[in-house]
Structures are given as C-alpha cells and as structure tokens.
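Two complexes come next, and they have one chain in common, chain A, joined by chain B in the first and chain C in the second.
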Partner chain A sequence: MDLLSDKWIVNVVLCLLFVGNCNSVEKKIYINLNETFPCVRLLNATHQIGCQSSLSGDVGVLHLLESEENLDWVLRTGPNPPYMVILESTLFTRYRPCSLKNGSSRVAGVLAVQPTSNPPEGFSPHTSCPNENTGVYSETYGPSYAHCNVTMWNPLGTGISYEEFDFPIFSVKDDNDTEVIRRCYMEHNRAVNGSTPQYPLCAMQLMSHMAAVTDTATCMRRNAPTFSLAPDGVCDPLGDANIWASTKPLNSSTKGHKDGVSVVIAATKLDSRSFFFDVAPGADSAATGLVALLAAASALHNATAELNRTILYTFFNGETFDYIGSSRMVYDMAKNDFTVDLDNIHSILEVGQVALGPDSRLWLHSDPVSKRNSSVNVEPNVTQPLPPSSFQRFLLERPIPGVVIENHQTSFTNKYYQSMFDNAEYLKLNYPPNLTPEEQLELVTDSAKALTEVATTVARGLYLQAGGELAQMSRIQADSELVSKMLYTFLVRVNNSWFDQLVKSDWTGVLSELMLYEINTSERKVKTTEPALMVQCILANLTGSIANITEVYFCPFSSPNFLFLCCQIYSYLWVQGPVRPNSTERDSFCVRSLVRQSKALSPAFELSEYTSKNYSTWAESRWSAIKGRIFLVASHDLEMLTLGVGVGVLLMSLLLTYIVSSKADILFSSGREPTNATY
Partner chain B sequence: MTAAVFFGCTFIAFGPAIALFLFTIAREPLRVIFLIAGAFFWLVSLLLSSLVWFISVQISNKESAAQQKGLLIFGVVLSVLLQETFRFGYYKLLKKANEGLLTLSQEETMPISIRQLAYVSGLGFGFMSGAFSVVNILADSAGPGTVGIHGDSQHYFLSSAFMTMAIILLHMFWGVVFFDACEKRCWWAVGLVVVIHLVVSCLTFQNPDYTATLVPAYVILFGMGVWAFYTAGGSLRNIKLCLTCKDKDFLLSNHRPR
Partner chain C sequence: MNLERLPNEEKLTLCRKYYLGGFAFLPFLWLVNVVWFFREAFIKPAYTEQLQIKTYVQRSAVGLLLWVAVLTTWITIFQHFRAQWGEVGDSLSFTIPRGTP
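Let's look at the complex of A and B:
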C-alpha cells in the first residue's frame, strides 16, 4: 500500500483522537479565518439591508487596496476578476463602498481590517437622521422639525449600515491571521512593474448566506411551518427585554391605571449597533447613559422613602432600531397591559449620551411643540426639536412634560455614533497597561469622575421631580468608585471581581464578550440577552435589600434565564457575594428588589402588521454558516487541461481494452497454459 | 479545485480500471462476485494493518517526529506484507472454492479458470486500493482551492491520480503473476512480487518529489505488465499475429498440434 493511503489513515485516526478538522488534505489547501465579524441582513417593512453571499460562498482573487488608485485594478483593469478586496485600516473609514457596489460583478467580497486605534476624523455608518420615521415629528406634529430639517443630528453619518450589498463584507482584527493574508497576497498576487501576476493566485472564500429576502412581511410569511424549505424559519424579529424598576412597590398583578400613583420615568437606552454583527460597544451612545442612571438609582436608594412620587427607572432595549422597547412599553401602557398607565406618568427624564470631555457641558433638550407643564428648572430657549430619544414615543401618545439630557447642544458630539469605534478608547478610559485587572478595576479615571458628576445631577433632578425638598438635595451623591467599576465592566472586561460578586458562578463564564446589540430571537420566544441581564442584576443589587429568613426560599438557584422569580410585588435574586478571606467560598445571600423585565418586541409583531409604518418592523435573517478561508487557485487553463487529460486517458483505455479483449484468444493463446483451463 | 479537476483526476485514476471492468468483467456474474470478494479481502488486510499501526502510535511518543516517521515506515511495510498474505489467503480460498464449485455444477469443466481468477482478484485488490488512496483527495479537489498555500507542490492532485492508476494496474499484474507462481510452486516469483510491491510503496516516501516517485513507478508498471503478459500466455508472436490482423480461422488452421 502506498504512502498516500497510509497518510490518510494516519490522519483520520489522529483526528478521531483530537476532535477537529479531520482531513489533512484540506489542511494543505485552506487556511481558515478564525475570528470574523460579518455584516448580516436585516429586514423591515419595505427594505432589506446588509450583505448577502451566494449559497456556497463567494470566491475571489485577493487584492489589497493600499490606496485609492488600486481600485481601478479591481473595477476595470485587473485580469482575473472577480476580486476579493481587502480594505486596509487606513482606508476603512474614508472609503465609500458605493463605488465597490457599482462594480459588483467584479467584486466578490470585501474584507475590512479593523484599525488598532480609532480614526481621528470620525466615522459613523448610521444614517444622519436616526429613527426619522418613527419619532414624534411628522406631518401632523411639528412638520417643520420632521426629517431633521432644523438640526442634522448625526452629520458624520454615511448611512452604509442601511444600504444593501450583494457581496459579503467581513471584518477582521489586525492580528496574525491578517498577516498571513497579507503575506499570501505579497507572494502570489502582487503585480510587479505592470506585469500581470501569474497563477497560482491567492484567493479567499467568504460564506455568509442569508435566508431571508425582500422585507419582513415576506420572511414572516415564509416562517410559517407549512413552508417546507426552511422548517426552522428564515428570519427572527428583533426583540429583547426592557428592564424596569420602581422605587415604591407596585402591585404588578393589577394592570392599568393605579389611583393615587404618580410616576416619574427615568429612562435610558441599553443597546447600540455597528455595521458588523456582534460588534457594538456603544460606549457614548448607550453605556454612559445607563451607567449614569444606575449610579443615580444607587444614590437615590436611601432617599426614596420620603418622596411622594414614585420613580420608575426604565432601561429600554432596541431603541436603535426604531424604538422597539419604548414603543412596546407605550403600547402596553395604552392598552392597560402594564403596571401603570400613561395617566399615571407625571414627567419623564431621559439620559442620553452623556460622555463628558474636559470642555463639554450637559444640555437639556425638550420638545418645542408640546405644552410645557413641567417644573424643571431650566427651560431651553432655542426652538430645536428633541434629539432621537425614547421620550419621543411617549409624546406620540400624550403630551407629557420631559427633558432629555445630552452632551451636545445641536448635533451629536459623538464622532463614532453607532460604530465599532464608540468604545473605551473614545471615552478615554485609559488604563495604564502595567496594572493588573484588579488594579484597573479600582482605578477611577477622569471620565469616570465626570460621569459621576452627571449621575449626581441626574439623581438630584429626579429627587426634585419626585417631590423632594431642595434643602435635602445636597446629600444625594453618586459614588465614583461604583461608576468606575461599572464602566470597566461594560466597556473593558466583564470578568472581574466586582461583577463576580453579583452573579452566580455558573453564569460567569457565559458573559465573556459584551455587545450592546439586540440578538435575534429563536423560536419566536424573546430571549433576554446579556446586557439586559447584567443591568438587571446590577440594578437589583443597587436598589434592593437583603431578603429576610422567610423570603430566602423564594430565591432561585437555577439557570441564568430564570434568575428572577417573579412575583406580584418583589423579585428575588441570588447573589454570590464577596469571597471570604483565605478561602474560595463566598458569602452568598438573597436580594429582594423591585426590578422587573418587560418584553421588548415591537407591537407590529404582536398585531402581525408587518408593513406597519408606526411601529418598528425590524427582523434579522437567519443563516447556516458564516466562515471565511484563504487558499490558492490554479488557472482555468490548467483545470481544463486536467479534465482533457482525464477524458483522454479514459477514452484511450476504453479503446485499448476493447481491442485487447476482442483479440484475447489470439493474444493469450500460448502453449504454456495448464491443461484444465477453459475460456 | 473545481469540478473539472475532480472529473479529470477521477478519470485518470480509475479510467483503465473502469474500462477493464466494463469490457471483461461486467458481463459475467461469477467474475463480478470474485472481484468484490477480492476487494473485500484487501479491505480486511487494511483493517488489520491499521489496527496494529493505531495501537503502536498510541503507545509511542507523539512528540518525536523521528519516531513517528519510523512508525510510518513500519506501517507501510507491515501493510504490504499483510496485503500479500491476504492475497495468498485468497488464492487458497479460491482453490478450495473451485473444487467445491466443480462438484456442485453439472458440467465437467470448471466455470472459471484459475488464470481468470488471478486477473479478477488482482483487479479487485486494485479497485479497493485505488479507492482508499484517492477518494479523499478527489473530494477535496472538488472545492475551490488547490494545494500550495503552505508551499506544497501544486501538482498534488494530478500526481496522486497517476500514482493511483499505476497502483491499480500493478495490483492486477501482481495478482496474475502471484497466482501463477503459487500454482507452479515457484516461490522465488512470489517473493519477487512481494519485494516489488514493497519497492513501489516505499517509492512514495520520496513525495513531494513527484518525478522521483512516478517515473520509477511507471517503469516498474511496464516491467510487471510484460511479465504478467507472458505469464498469462502471451508472446511476441501473438502480438505480431494480432497486429497483422490475421483472424481466428487462419490461426486455427495453422495451429500446430501439441
């Protein structure tokens, strides 16, 4: 037996021992890309956005785009289309994919290399007027403010997140894998002195086939079980959970209007997105707001007993996609399906993007159209509409007084709105690299201090709104260490000792990577994702109290999605607690709090109005496999030659065999045959 | 690489074998049965040798590359010896079966001669050996990429296909010579077949220098082909007769009585 078969056995057997890629020939041919972030397809009532590849992946010859001139090679002059374009980090943000879209018959896909530091000129793939069709301003309400006529909120927005591409676009970090890709290009594909590169050429295959097409109505229709081609469904509506908590106990088994209850809503949003799937740090756009509100809730914890109004802390999920969470909550309130209803709301205070640099200030935005009925101290004088905020959805139903706290006066100061660069580096959370993670956790950065000031302001504002006395206001102060730890947890690293204390041990491993992005639902059941669960745990610990002996039995011990035993009034959470000194055991305890979840699924899906113009109709497509790999390709001529040789060998052997077998009795009729043979 | 390469390499590797099967074996059910039985015997020998090799790899030091290479050589040699042993075993089985068939059947003479059995069993061994050699490689050749990103030679698929073709034909020739030598108790011929088999298998250790592997393999193939031709009853005179297109009647009329 020859070596080739032996080697095959060797490797099959070896691979049976080490579960993994069981084929050494495949290892000789392909190098798999390990960590890729694809751009996926999303659908709404009218459009599909995002990227699509062909069913078995798109193959293209690699081309490294080093400068703008190289684009001509891809689009016009290159001799071996289609090309797989690699966008280097310097070109990543400056480069508009529109021209690539135009030449899409010659472009097989794009691989974007993430820059190691944020581009200084800013980059925002989101639209320049976020959520313009589902806000409060329309033809019937403040028409002069609609569609960002007065202020363009996101001037750096290019809108590529909302465009449709028919080739796959992946993003990779700039690490060893990317070096391998560059080296492969340099060795095989580089055109030297104007000569065409010779085969074999380095090529790449990207696979990200999306099952859903056209729009949400089509894909929801195809989700129905009778459609046999995709029995599991082709898309999922975007949905998650809103987290809310009240300062006074509210009986949640009775829904609808509650007499004598006056509620001040303190709202913020929990999610963000970027062009690529699973990448959404959302530092300025979401994390600062929610950390500020959490710190404010903690600061107000001891002072809420004397307030005559209830404060309702709400963390809305899905606001990036046409206000999924807030529209659902408003819908529930209007239908009397929520603990309180819209008449119980006294006012709304929303915390938006509140990252403060050394020379930035806080601004209060309010709605110029609605009647002012609030007792907020500062009234803005300019007639500027509200920035995109959850408050707008409340205004659609009732003229409720409210303000939105932001760090920008007119347009956003956030240069990286809804992009992958809105991260810890942008907030200048600069932890010196020589510190251990524990030391980094304890370090209070300047940004954390600034955010603490914001949290204190928010807490005091809420205190006054809820009927507190001006004289007592000064004792409300947010804790900067708490703010710093929360910022570290949300933006740098979830696996740290502070968060470990809050969460049960069998859950710690799951939260290894933070993304503030709505994950699609599976089986039409809304799944609560990690950021919402994190906020829920932290809020419970900050606003709850330790349960007494009899209530400990309510505390659940089981899986993460069932952390909170619900309740008519209280909810219970089992907290791990701090590690005992000189031991690995922990002092665990049960916390009783008023924190709840509420479903954040757009009313359009409840009502099955998939073409609704009033509610968000965003859905995410399903896919089977997302991967990429690089390899060499041989020229077409060589392949045809191989086929030709094969066919020639086959025909030749057929001919020869026919001739020999027809003359076999002559050829093999020598006298040496044994006597008992027959033919 | 693509479908073109897949089909090209399949035809190269299995072309002669398919042609032989179609024209000489497919019509005779008895030959088909013995072909499949031969393939099965080869498979059992492979199973045994891989079992031994697997156990020895488990016991060995996985880190040492020299030891692994040594084990590989040991595996190849063991496999070749086992294959030839099973060929001998098959020969013995066929002899017994032939006697049994003779007593069972109504006719006076055996339905299939030992020479045909040699050819068919050799081809059976060849089919199975070729399948195990090359099917894995063919499956990967259908994908979009070709070998070479780690620096290996590009001609991997082609040379695998040619080597497989050589191996299949060689197995057929070895079958013919081996059975004939066993009939005549010519043990030096049996030993020579084993040695040649070992030589061809060990030639592949020279991969990726495909020229150094393929050229000697084809030379040996040609040599074995000539030997098998003579063993099967051919001669130069027959070839000349064939080429000058003299027909059967002429041959019969000129046939010298023994």
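Let's look at the complex of A and C:
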C-alpha cells in the first residue's frame, strides 16, 4: 500500500509540474482563426441570399490566389480538390465571385483578406438600383422612373451582397493570424516549378452553418413547428428602433391626428451594411447625414420656441433593407397609432449622403410626379426621380412636398456604397498618428468643417420651413467642434471622453471600441442596438434641458431602453457629466428632453404577411457556431491505409482469440499442481 | 421461448395469435411469425397442426410483403418530395432539418 500511494503522489506531482506544458492534442493540431467576419444568410419573401456551409464546416486545401491565372488551378487543374481559396486584398474587390460559384464542387470556401487601405477604383457589393421594389416608383406611379430607368443610382454596384453561395465566405483582417496562414501555404502547398505539392498539405475548415432556408415564410413557419416540444428558432426578422424627437411637446398617449399641429419632418437614416456580417461602417451613407442632422438639431435648439410649426427629427433604422423603419412609421401614422398622423405633416426634409469633398456641392432632389404646393426656395431639376430615400415611403401614402439633400447630382459619388470600405478613411478623417486620442477628439478636420456647413444649411432650411423669418436666419450656426467630436465618436472610436460624459456609468462597458452600424435582428420584441442608443443619448443632450433633479433615483425612466414605454410628453436621461478637475468624481445630472423611440419592425411581420410585396420581409438566419481553423491534412490514401491496418489488426486479434480459446485445454493444461490446503 | 418444448396445440395457438395480432397495423408480428414458425411449417416432418400453421405463415408472409411495399413507396415519396410540399411537408414532419430545404 505504501508503495502504491507513493507512486500515485509522484505521478500527481509530475503532472502538476508540467501543467503549463500539458498541451492538449487539439492545440497541437489546430490553429484557430481569432477574429473572423462571416457572410450570413438573409431571407426575404422570395429568395435566400448569403452563404451556407455544411453542418460541421467545410474543409479544403488552402490555395492562395495570387493572380487570375491561379483560378484555373482551383477550378480545373489542381489535383487535390476541394480548395479553400484565399483572396488577397487586391483581388477581393476586382474579382467577381461568380466564377467561383460555378466551380463550387471544387471550392470549399473563400477567405477574403481585408485590404489595409481602400481600393482606389471603388467597390460596392450592393445592387445598382437600391430598394427598387419598395420605393414609390412603380407601374402605377411614375412608371418611366421605375427600376432606375432614368438614373442608375449605384453604377459601381455588383450585387454580390444579394447573391447566394453554397460555400462559406469569411473575411479576416491582414494581421499576424493571416501571416500564419500565408506561411502555412508557402511551406506546404506551393507548387514549385510545375511539380504537384505533396501531402501533408495545409487545409482550412470554415464553419458557418445557417439554420434557415428558402424564404421568410418558410423560416417563420419553422420557428414554431406543430410537433416540436422545445422549438429552436431558425430565423429572426430584422428590426430595431427608430429615434424621433420633436421641438415642441406632443402628448404621446393620444395617438392619431392632432388638431392645430403642423409638423416638418427632418429625416435621415442610421443604418448601413456590407457583404459580411457585423461590418458596416457606413461613413458616407449613414454617418454624415446623421451627424449633420444632430448638429442641426443642436443649432436650432434655442430658436425653436418662436416657430409656429413643430420640427420632428426622425432617425430611421433599417432603411437599407427595403425601408424597414420608415415603412413602419408611415404604417403607424396611417393606422392612427403614432403621435401625429399623415395629415399633420406639412413637408419633409431628408438628409441623405452629404460628405463633401473640396469640389463637391449639395444637391436637392425632389419628386417629379407629385403635385407640389411646397414653399421650398430652390426649384430642383424636376425630370429626375428621387434617389432611394425614406421620403419615398411617405409619398406612397400621400403627396407630401419634400426634398432630399444629397452630395450627388445624378448617380452616387460614393464609390463604396454599403461596403466595408465606406469608413473614416474614405471621408478623409485623417488624424495624424502621433496625437493622443484626446487630441484627436479635439482636432477639427476639413471634412468636419465641410459637414458643419451642411448642418448649418440644413438647420436654416428647417428654420424657414417651420415658419421662421428670413432675417433671423443668419444667427443659426452649427458648431464645428461638436460635429468633429460626433464624427470621431461614430467613425473612429466610441470610447472617448466626450461620449463618456453623456452615457450612464453602467453603460460604458457595453459599447465596443469601434462603432458599427447594422440593423440588428429582433426576436419579436425589438431590442435597441448601439447606433440607435447612441443617437438617442446625444439627441437628448443636445435638445433637452437640465431638470431640477439631483438623485438618479428620481430621474424617472432614465434608462434608454425604457423610452418605448414611458412618458406622455417628456423623457428623462441620467447623464454622467464631465469629470471634476483633480478628481474622478463626475457632476452627474438629469436631462429632460422630447426624445423617443418607436419600433422599427416591418409591418409585414406585424400582419404576418411574410410574402408581402409592399413591405420589407427581410429576416436573418440563426446559426450555432462560426469559427475557422487551419491544420495539416494527410492524403486520402494514407488515411485509408491506416484504417485498413486497424481493421486488419482487429480481425487478426479476433482470429487469434478464437484459435486460442478453441485449443485452450491443450495450451493451458500443464503446470497444475495439487494444492495443499494449509490455510 | 423454445418451440421444441411446446406441445403442438400451443404452437398452433401461438401462431394464430401472432397472425391475428398483425392485422392491428403491426406488420412486425407477421415478420416474427414468418421467421419463427418457418422451420415448424415447412421443414419439420408433418404433424396434424402443421397444415394450419403453414397457412398462417403463408398469409403472414403475404401481409408482410404488402406492408413492405406500401411503406417503401411512401417513404421514398416523402423523402423525395417533402421539400417541395412546403407547408404540407412541414406539418407532416416531426423533425425538420436545419439549413437544408
């Protein structure tokens, strides 16, 4: 017994000593990819788009696509299909994945390496005529303008975001992990001087299995199957929250038409997308318009008391996916389920993409079909239809006068519309790298100055529309430091001292390093995501007033998520406030404002019309795990040989056991001595 | 249960019970009947009850073949066309595969 326990102790001690080196076998074989952005499956009333992998992931031998000639290796001549294609940064944008799709039995997946700088020729995975089926132009309304007959809004659009792939496509940043992948390829997979590469080869496995199929009606039906005991949902409808605020108090508990209230709507959108999931910087397409409108709201804050019309600032969410937010708001207004209704609307001013370069100008777009009684000063060119904008959804219900402010006269000037390259670098927000984040926050770039002028124009236009006097217009001016800080917050880094002052203290951990806009999935109850919450906080601070409340407990409904339920007129927000000098304490206070949220879920899901042609029916599939890893694979022959040897050993041992047991009496008969019963 | 130890009358009642039971949509009883009593019905030397046992075994075999044919046809059709039947297919399924139609 003593010897046994000693041995046991020694074993335990040895294992503990080596516990740092006790690598699992898995770690010795696989190298996991850390930060990947997959392409996911989305469904609408008729189609499914996006990528799908097999249930346990797709495995393929790595192949680095250095130039277009190498594609032949993957599609035809390579001896070890299926291949996992790595698209280097320059090829990713120039290269249309359609030919990869055609050879999809030999292609196991694609890994796209993100370029470190934007491709100069432009890249847009979106369609060339965005939202063409849910806009206002159709066979019954301006048929000559429908389907971008007059102007192709997004000429660089390739439409790959809306195609279906049956292999996984992932995107990775160009960092150390990617170097490891390249090295693995160079050492093992490279064909040297025409010879075929020998096993073992470097392979990669990408797993992004999507649960939903076919279309939204099918997946919503399968969300609640007839027999299942604990149904596991397969998809979620896309939805989030719209943020809106008025300049005069409006009683929210009485819905429908309000007598004597005339509203000017100032609209913009706050979402964007790209080919990959959760990558959506949306600098020109969303951030510029939203920052301009926020700055205009701040500039008008002191001047709105004397206006006779109310201005309603609305930030629509989900506009990229067939106008989810604006169609929902129009639907609510038409059903008398919103604070005001369509008859209260006097006019609409929408702020679209407004990034201005040194020689670009602002253009006003309006609808050539509707009869206009508008009192807008400038008469825009009336033979061109409206660009894709939330205003089109309002026009579907009523002929309301309105304009859309954009930075393009005909087609978009944005070369990276709805792509991952529509970022701070495209807007030329160039912060010199030697500045600290604090100094970068304070720096007012040229783009910020240009955007401030846009904001001033928007503010003055709204002022005039709402009944202000022309003579008083010049005192309305947007603040360029505010614009610069907001651009920095939305496009470069959220975690900065200006934004920290605005949020409640238990919130700062939730927001991530870099802002990403994307319409997020809702599970029937809409949860608000970061961009909407950020806009809400900023808007409350810019248009609200400090309430005479000193304790957070008495600041009613002060969490942003409560703004759905609360208040008849005012909403409250507890603000952290600035840090006191020479201490870590903050002067917190309670802000009272007129900011509200409204649900941005398509009416198709409210009415359960999943095949609707009028409303957005976009839904996103659910998935279980998204990961990738690389490892070395042996040849198929070696695997079969190992299996064969194993089976042979098994059969041999069975045979041997049978022979031994049948001759047991001969083999084991000797050596049996008579026992002496001594005990 | 070892059929060797049973008297012939009990063998006959057992065979008859399995034969009649199979009519309650239980084709496996017929399968068991055929397999179990095959030697008794066709290979053993003749005895009085063997003729009736033989008829029962033959009829069980016919019923079994019919069931196999019907089930195979239905299963093939269902597996092939379930995806195309849309809502009907989903309401007939207990477990619906994820990720494939």
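Following the convention adopted for this analysis, the second predicted complex is superposed on the first by the 612 of 679 C-alpha atoms of A that agree within 3 Å, B and C clash if a C-alpha of one lies under 4 Å from a C-alpha of the other, contacts with A are read in each partner's own complex, and residues count from 1 in each chain.
Rule of thumb we're sticking to: contacts are C-beta pairs under 8 Å (C-beta built on N, C-alpha and C of every residue); 3 or more make two chains touch, one makes a residue touch a chain.
Predicted, not measured: the structure shown is a model, and the values here were computed from it.
**Student:** Looking at A:A305 after the superposition, I want to know if it touches chain B, chain C, both of them or none. Which is it: first, second, both, neither?
**Tutor:** In the superposed model, A:A305 contacts neither chain B nor chain C.
**Student:** Looking at the overlay, does A:V192 come into contact with chain B only (first), chain C only (second), both, or neither?
**Tutor:** neither
**Student:** Quick one: is A:Y658 in contact with chain B, with chain C, with both, or with neither? Answer first, second, both or neither.
**Tutor:** The first partner, chain B, only.
**Student:** If we overlay the two complexes on their shared chain A, which of chain B and chain C does A:A471 touch? Say first, second, both or neither.
**Tutor:** neither
**Student:** Quick check for you: in the superposed arrangement, does A:A625 touch first (chain B), second (chain C), both or neither?
**Tutor:** neither
**Student:** Using the touch definition from the top, say if A:A224 reaches chain B (first), chain C (second), both or neither.
**Tutor:** Neither partner.
**Student:** In this superposed model, does chain C or chain B come into contact with more residues of chain A?
**Tutor:** B
**Student:** Check whether A:H209 is in contact with chain B, with chain C, with both or with neither, and answer first, second, both or neither.
**Tutor:** Only chain C; A:H209 stays clear of chain B.
**Student:** Pick one for A:Q52: touches chain B only (first), chain C only (second), both, or neither.
**Tutor:** In the superposed model, A:Q52 contacts chain C only, not chain B.
**Student:** Does the superposition put A:V234 against chain B (first), chain C (second), both, or neither?
**Tutor:** A:V234 contacts chain C only, not chain B.
**Student:** Given the complex with chain A, which residues does chain B contribute to the contact?
**Tutor:** By the definition above, chain B touches chain A via 1-2, 4-5, 7-12, 15-16, 18-20, 22-24, 46, 49-50, 53-54, 57, 72, 75-76, 79-80, 83, 109-110, 113-115, 129, 132-134, 136-137, 140, 143-150, 152, 154, 156-158, 160-161, 163-165, 167, 183, 200-201, 203-205, 207, 232-235, 238-239, 241-242, 246, 248, 251, 258.
**Student:** Under the touch definition given earlier, write down the residues of chain C that touch chain A in their complex.
**Tutor:** 86-87, 90-91, 93-96, 98-101
**Student:** Which positions of chain A touch chain B when the two form their complex?
**Tutor:** Within the complex, chain A touches chain B at residues 1-10, 13-14, 23, 25-26, 28-31, 59, 184, 200, 202-203, 205, 629-634, 639-640, 642-647, 649-650, 652-654, 656-658, 661, 663, 665-674, 676-679.
**Student:** Within their complex, state which residues of chain A touch chain C.
**Tutor:** The contact residues of chain A facing chain C are 52, 55, 209-214, 218, 221-222, 225-228, 234.
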